[in-house]
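Down below is the structure, laid out as structure tokens.
Per-chain numbering from 1; labels A, B, C and D assigned in written order.
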Amino acid sequence: MKTSSGKIVDLATALAAVKDGMTVGIGGWIFHGQPMALIRGLIARGVRDLTLVPAPGSVAPDMLIGAGCVKETACVFISFEHLGLAPNFRRAAQSGAVKVLEMDGPGIAGGLRAGACDLPYGLIPDLGTDLPKVNPNGYRKARVQEGSRPLLEVPAIKPDVLLLHGQQADEEGNVQYFGAGYFDLLMAQAAKHVICSVDRIVPSSTVRQSARLTKIPSAFVDAIVVTPFGAHPGCSPGLYDQDEAHLKTYVAASRDQKSFDSYLDAFVRNGGGEPAYRDKIGAQALAALTSGGAAP
Amino acid sequence: MKTSSGKIVDLATALAAVKDGMTVGIGGWIFHGQPMALIRGLIARGVRDLTLVPAPGSVAPDMLIGAGCVKETACVFISFEHLGLAPNFRRAAQSGAVKVLEMDGPGIAGGLRAGACDLPYGLIPDLGTDLPKVNPNGYRKARVQEGSRPLLEVPAIKPDVLLLHGQQADEEGNVQYFGAGYFDLLMAQAAKHVICSVDRIVPSSTVRQSARLTKIPSAFVDAIVVTPFGAHPGCSPGLYDQDEAHLKTYVAASRDQKSFDSYLDAFVRNGGGEPAYRDKIGAQALAALTSGGAAP
Amino acid sequence: MPVVPQSFAMGEMLAVLLARDMADGEKAIVGTNSDIQVAACNLARARHAPHLWWVSGPGGMTNPTEGIIRPAADAENIAVAQAVMDLPLMIDFIDWQIHFFDFAILGALQTDRFGNINTVCVGDHAKPRLRGPGTVGISALCGLSKRFYIMMTRHDRGAFVPKVDFVCGAGHMTGGSSRTDAGLPEGGPSLVVTPLGVFDFEPASKAMRVRSLHEGVTIDEVRDNTGFDLLVPDKIESTLAPDAEELFVLRRAVDTTGVLPAKFPWPKAN
Amino acid sequence: MPVVPQSFAMGEMLAVLLARDMADGEKAIVGTNSDIQVAACNLARARHAPHLWWVSGPGGMTNPTEGIIRPAADAENIAVAQAVMDLPLMIDFIDWQIHFFDFAILGALQTDRFGNINTVCVGDHAKPRLRGPGTVGISALCGLSKRFYIMMTRHDRGAFVPKVDFVCGAGHMTGGSSRTDAGLPEGGPSLVVTPLGVFDFEPASKAMRVRSLHEGVTIDEVRDNTGFDLLVPDKIESTLAPDAEELFVLRRAVDTTGVLPAKFPWPKAN
């Protein structure tokens, strides 16, 4: 007997789980494994008032913010690295258009672990920063202090929906990563619903051949969308490099809201979905990213 | 420039770190990866009054207990599986000769994580067991309770010395496992001093070829002892099976203290160390365990 | 307990009885030394529950299946697994998270009228008559799974006692609503399978109840071997024995080397 | 800031200055976008500290070395690493454990007289003049490492301010014993390396002090570009420039493709 796991679905079906006002986690790390096809799909659907909890990220949170989908965002780290500051995040934070819930590594790690563990809060060391001043709900003085080490309580983080990107999955829903797993599994343990895009589907026998690469076992995934180049313009580790040229186009287009809206209209809100997006980027550009010569 | 890391040492040098009265952690899982050469070495040295914190184990804690080295032991799980109850542990627990600190999975996991994190205690769910009654220092009602879920505090676990067994290491001190890593890395993070036996030493290039197998990176290891068949009579996953025949000999010899002392005199306290032990087990027996035909 | 001649072994029957109760898509955990549990999960996957997900508690391998029953944590399972997880990552959902697992399957030194589990000691903990192996994941799996199965390879008054000497896995505690009153999530044992029969728990009192008796087993025999009063329905069902198709799949796809009949024949008479 | 003609790039010099201070056997962590940090650690390993241990903060690869400077978290580093750790296991020693790391190397939008770090915002947090990327591991590495280095690729009054607008990594806080008074472990910044010089912290007051100035840099130039009063010793040392052997090893064993000179030439005049 062999039946479908039902986890492999199309983009629209997967994204129907995301409702206005939800708390949405985003996996990956800076330009690695950003679930961009899912992000573009959300923007095309016009979701609103999201609260983001992104792992250290780049274009994924930045694009959602620039598209007006976001009410507030946690910020552990949102950066375009050598390409500068995250342009839309920066503009929205400086204008106050999006509320920023400042967080740090211990805050998100402790909060996610508490979320995964069904504990009300996590205990982290008080590291003497200004974070509790600007995010008093996120960092509370611990009610019990022991010895000489001051402790803070960070509330559990449980995203309503989590968006991830892996390189390949099987029909069962096991997701494999060719690079690091970052916070993705911990976020998946803490989240209520997990949507993962992958660049390709492979037989279960392929997954079993390299079981150590399965960073998100099927039990932690609710929906998988197969979207080749779904992490573009970020990189999908081991499959294709980040698209430096397109990222520069993106940064340039982000100089003001009008210009960024034009970018979104051209690349994201054109009604054509991912096939149109890939056409727009172009076969030669995509091919070059897979050849190993485009690395930064 | 290429110098020794200084981490590869002989058995006596490594075990000099273990003093009477210390708290000693033991890694592995039941018959897997029991650091038996280190255990035999400790018994030959005649250490006394140890407090053990074994991961679920078998012959390693049982032999130390039977040899009179142990004052008290945490017990998460000490079992000989299909070969019955751990004979020396059972006798010592039933007579009261060794104090048993009853623990469960959440207790050791929460305690080790708190130890690794330099937190005074970990928060775990109260699961309605009798453990807090018999181990009140190990399980305290949490002073802060939230919502409806009752919580317990478990004190941090920080073994003075931890004994592990891996399959191979390089000169840098990176230890590779061919099977599961169990609690070994978490215990290594919590312990003050980590001694690891391995069956063989390999070039660093071999380690780099399969970096995902390095379950204990060198930063977490203080001393490595190269001891072929160092996990015998347990198994060293991927290298040799557990020795069912010898384990049955062990169980039979454990029927009373006099008989077990004879076993120890013959196999452990004969002054010949591991070479004499291997001779005593015999070349054919050891060879058979490596051939894949001896699996239970 | 009499020898019950069967065309299948006790281990095979217990695996079949457990497998039947599992649903497609459920999540389960299997500990070390769990041949019957492994067989039951893989039999369910091979028959009616192809997307049942199970993980080796200590070893982290998920859904290892190759038609041979190995210890769940064996390194050889890595080559036939869908994923290998590290235990320090797994503890979050094993030891803390509520209802991550749909079920676990647990054995015991003792169980009692309300399905509490004891693997720690018989007699007083400070000076026990029998020192057992200990608790490990049992406390968490009993406390946090949506349900659990109790699988006993012996059924006698030593194993089925009025009240366990040590609660290391909370079942229905003292019955009724006592489990949730104590702050534990909904759950507890759903079925008990033994060499004599299948038992469940009456919904209100949460006391153990006869569901069915195996072929040739009488209710008097069960009463003689149970240290407390079982609830007995007016009409006692007969356990539906493993059928030819179940045994075919079990022997040709799950346990091709015959681990279960070798390790778990029908018990000899007491 | 004048153009300083050199036979080496600024990135190379900073890497050499940092590498010199590292000792054999130390443990370090390197974040993303850390070319100079990677080069410094691998240069130290290639010269005097072969057992220096460093890990990619997010990626978990340990000691990846193949003579090419890649982003520390790149998948390609797995093939040349000694180990690959999973981040959810690493958080215990990154975010909680005291003194696990001997050092980290951190950049900043701003630093101040006591070596506090700001990468969050310039101006008021609620309505900043410049919104930075955020904190990530900086709070923990500043708070918990035995020491840290501050590496600045610019040295001007925008970066060296009297008091950082937002403390996201605690240095010596308000000086003196304020750091340990606040309950933080011993530690804080030990050296600051910039395109102009090397700076340390006076042991009692913990205020930033000139240690050495790079060739062609005057103390007045440093004062003009620093937004607070630096402590200045009676005799100002000259930074010992990278020597031929250091540059040889750097270019032939660590950065064979010339990432540092391409990305970090000497800065143009302001």
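Note that a contact is a pair of C-beta atoms (placed from the backbone, for glycine too) under 8 Å apart; a residue touches a chain by one contact, two chains touch by 3 or more.
Keep in mind the model is a prediction, meaning the values are calculated, not measured.
Engineer: Using the touch rule from the top, work out which pair, A-D or C-D, shares more C-beta pairs.
Structural biologist: Pair with more contacting C-beta pairs, A-D versus C-D: A-D.
Engineer: Rounded to a whole Å, what is the gap between the Cα centroids of chain B and chain D?
Structural biologist: Spacing between the chain centres: roughly 40 Å.
Engineer: Let me have the rounded angstrom distance from the C-alpha centre of chain A over to the C-alpha centre of chain D, please.
Structural biologist: 28
Engineer: Can you compute the centre-to-centre distance for chain C and chain D, using the mean CA position of each chain? Integer Å is fine.
Structural biologist: Inter-chain centre distance comes to 56 Å.
Engineer: Quick one: which residues in chain D touch 2 or more of the other chains?
Structural biologist: Where chain D meets two or more other chains at a single residue, that happens at 61, 78, 84, 86, 88-89, 95-96, 98.
Engineer: Which positions in chain A are in touch with at least two other chains?
Structural biologist: 113, 118-119, 125, 149, 185-186, 212
Engineer: Pick one for the touching-chains graph, please: line, ring, star, complete, other.
Structural biologist: complete
Engineer: Looking at the complex, which residues from chain A come into contact with chain C?
Structural biologist: 1-3, 5, 113, 116-119, 170, 172, 174, 185-186, 189, 204, 207-208, 211-212, 214, 217-219
Engineer: For the complex, which residues does chain D have touching chain C?
Structural biologist: Touch list, chain D to chain C: 86, 88-89.
Engineer: Show which residues of chain B lie in contact with chain C when the two form their complex.
Structural biologist: These residues of chain B touch chain C: 29-30, 32, 56, 75-79, 81-82, 85-86, 89-90, 93-96, 100, 102-106, 109-110, 113, 124-131, 134, 148-150, 178-183, 185-186, 215, 237-238, 295-296.
Engineer: What residues on chain C touch chain B, complex-wise?
Structural biologist: Interface residues on chain C, with respect to chain B: 32-33, 56, 58-61, 70-71, 73-75, 78, 84, 86-88, 91, 94-96, 120-121, 125-140, 142-144, 166-170, 173, 179, 182-184, 263.
Engineer: Mind listing the chain D positions that touch chain B in their complex?
Structural biologist: My answer: residues 24-25, 27, 46-48, 50-51, 53, 55, 61-63, 78-85, 89, 92-93, 95-98.
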